[in-house]
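What follows is a set of structures to go through.
In the two assemblies presented below, chain A is common to both, partnered first by chain B and then by chain C.
Up next is the complex of A and B:
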């Protein structure tokens, strides 16, 4: 039942001097919801483009359903890729886009598409170029869901969708996935919003995979310890520290390891406070840490903003 | 409801256990399906299934083929026994740590508990609890 449906081996993609993908190895199995996370420019879209045969790898191999997707109808007809800014023919109405999708995807469910269009309050008979940004995203989300393709990629499908519409998307995704299990790869910046939907998480940073683990394993794999700086540092001596913040004599330190019950009891005795680290915080810490972090300085605010927003 | 402190499947299992302990989920009654749990808590259905399966493995829930999941007879007593064992670690020790920090004596602490807990002074009359202990 859980056969491998995506296999990437030593994938490399160069754009002039930029290493968009730097030796990516990945193996994904069927019927799970994957999160593909990382900052802007980390290589998420490049990876999805290569897997769906919309871009060529510089070297390496990408197999989908056991074969290369390039000009391979047997593979492509089983894949649905919803891009962040999906383009449609100029004069199309949403209903034309849905009819085209119905021709291409053998599992297309028109009733489901109609219900979704109603949920998202999408005008079906308006020219697509007259739609708002959010309505345009809704067209993509509806196609991605109603196509019920065996392998569906959503590349940040929520641009312009408000919080209510995004929640609608997540709810419909979980409901429909439960009834029709398939492989979903969801790329998103809004990690807190999608974290609970994911079964497995792949984090890509500067073209490399830096995390590839089940969401449940990641949950609780890091912890933030805070209290008097002296005690925190003594307690954490020798541990793998991801992040350290101080405020006067207080310190708040995030470590990349789980604490056992004995450690927890000890922390309690010392009067230290332990707090969980969300997937989003962990991804932020991991993609900020390490050498070369200054390379993407112009984009450092992306995640910081999301985090701030999430805290409000 | 669901937070980041521990794996979601454990939290789902605990939520069901809470329902059994406080009596909202009676023994031999049907519990919601994993898909219903997933939709309600907005979590991955595989994760919800894992939480339910933890309880099936420990005999709290059992499966009726083609119908669904049910609360086993004796599940409540079993859970109460286990939670009573965990009570000291989870509640009493943290309480003691904070009391020590504030310089509260054991006597003062006892008085506070008696005044604020709403518990009957003689806990030994609770049949299930004394069975558990």
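Up next is the complex of A and C:
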């Protein structure tokens, strides 16, 4: 049942001036919802493009359903990957795009596509060129959902969608996934919004995988300790610190490890407050603590801006 | 195989692109040509270049199928081979249909002495003067040529960007100028002229078909490594 569906070995994608992928190894099993998280330009789209043979790796191997997808109809017919900047034929309306998808996906559900179009208030008979950014995203989301491909990629599917439409997408995805289990890979930088959907999280930064773990595992894996700076530092001496913030004599420190019950009791005695770290915070902290980020103050600021922007 | 056929069917979902627009362009150009022929008070045969109008649209179709339909086909996880064969197959079908229309138009045109106004739209001096199959071959090959040239340039553009397109366009120009210069220096123009004088519409179709095959093979080689 849970066979390996994606296997990436030593994937490298080298562009002129940067390594878009830098020795990526990944093994994903079937019928789960994965989050592929990372900053803009971290390598998410590049990785998905190579897995689906839309782009080519400089070196390394990418196997999907046990084989390379390149020119392999047996593999390709089970994959759907509508990219964030997907192009459509010149005169196409959304209904034409859906009828095209129906030609290629044996599990295509037209009723589902129609219902989704209604949900997203997508005009079916308008040229795709004339659609707004949100409506364009809706076309891609509908193809991705209604195709019911065994392996479906969503590439930042929410761009331009309002809060209601985004919630609709998350709801429909979970409902349909429950009825028709398949493998979903959701690439996103809106981590808080999708955190609850994800069963497994892969974080990529500067072309490297920096986190690859089950969501459950991650939830308790870090903790923020706050209280008087002196006590916090004593308590956390020798632990792996991800982030430290001070305000006057108070400190709030995030550690990259779980605390046992004895530690927790001790913290309580010291009057320290323990709070869970959200997935988004954890990803942000880990990314900022990563190699190349040290000493680059401007870069960290960029990231703060990015996350802010994404949440707007 | 079925996915190849589906690629052709997909591009016919919107009937305008491959059927509606070519017919509209042909009809509009035909009616305008006839109106102009009717205005010229001459009872000798009049010829115009209006019948080439749809050809320029085919060039655009060739370009768009690579710049827009190819990326879409990739989104639906269609192999490059299925996309190429399906699109080229569709090109051929459309060119075949248009050729049939041109032939029928030519027959009616002759029967009505140029639509009653001595105007010849489908009959072109030299080109349509041979047997019907030579006319058919000429129209078909020229239409395919326009598609394939558009497709080929767009594959170059997709693969190597603006620089690649510029280099290949300028390069082609330079080679042609070089050949012309060589012909002038070596005083070959007489032979060249003779060679062309000896060609029939059928043999020109043959040479053009050969060029089409080379360009089509070239596009496939480029497309194999193209990314959307």
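What we mean here is this: the second predicted complex is superposed on the first by the 294 of 312 C-alpha atoms of A that agree within 3 Å, B and C clash if a C-alpha of one lies under 4 Å from a C-alpha of the other, contacts with A are read in each partner's own complex, and residues count from 1 in each chain.
Just so we're on the same page, contacts are C-beta pairs under 8 Å (C-beta built on N, C-alpha and C of every residue); 3 or more make two chains touch, one makes a residue touch a chain.
Bear in mind that the values here come from a model prediction, so they are computed numbers and not experimental data.
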- Superposed partners chain B and chain C on chain A - clash or fit: fit
- Query: Looking at the overlay, does A:271 come into contact with chain B only (first), chain C only (second), both, or neither?
  - Reply: first
- Task: Return first, second, both or neither, reflecting whether A:170 touches chain B, chain C, both chains, or no partner chain.
- Result: first
- Have a look at where A:117 lands relative to chain B and chain C in the superposition and call it first, second, both or neither. neither
- On chain A, which partner's contacts cover more residues, chain B's or chain C's? C
- Query: Of the partners chain B and chain C, which touch A:99 in the superposed model: first, second, both, neither?
  - Reply: second
- Message: Quick check on the superposed pair: does A:196 touch chain B, chain C, both, or neither? Answer first, second, both or neither.
- Response: first
- Message: After the superposition on A, what does A:5 contact: first (chain B), second (chain C), both or neither?
- Response: neither
- Query: For A:81, is the partner it touches chain B (first), chain C (second), both, or none of the two (neither)?
  - Reply: second
- Spatial angle chain C-chain A-chain B, Cα centroids [nearest 10 degrees]: 150
- Smallest separation of CA atoms, chain C relative to chain B, angstrom: 26
- What does chain A use to touch chain C in their complex? 49, 52, 54-56, 69, 71-73, 76-83, 86-93, 96-97, 99-101, 103-105, 140, 143, 149
- Query: Which chain C residues qualify as touching chain A in the complex?
  - Reply: 3, 6, 9-11, 13-14, 16-17, 64, 67-69, 71-72, 74-82, 225, 227-228
- Message: Residue numbers of chain A touching chain B in their complex, please.
- Response: 32-33, 170-171, 174-175, 177-179, 181, 196-199, 215-217, 219-220, 261, 265, 268-269, 271, 276-279
- Message: Touching residues of chain B toward chain A in the complex: what are they?
- Response: 2-9, 34-35, 38-39, 41-47, 50, 89, 93-94, 97, 101
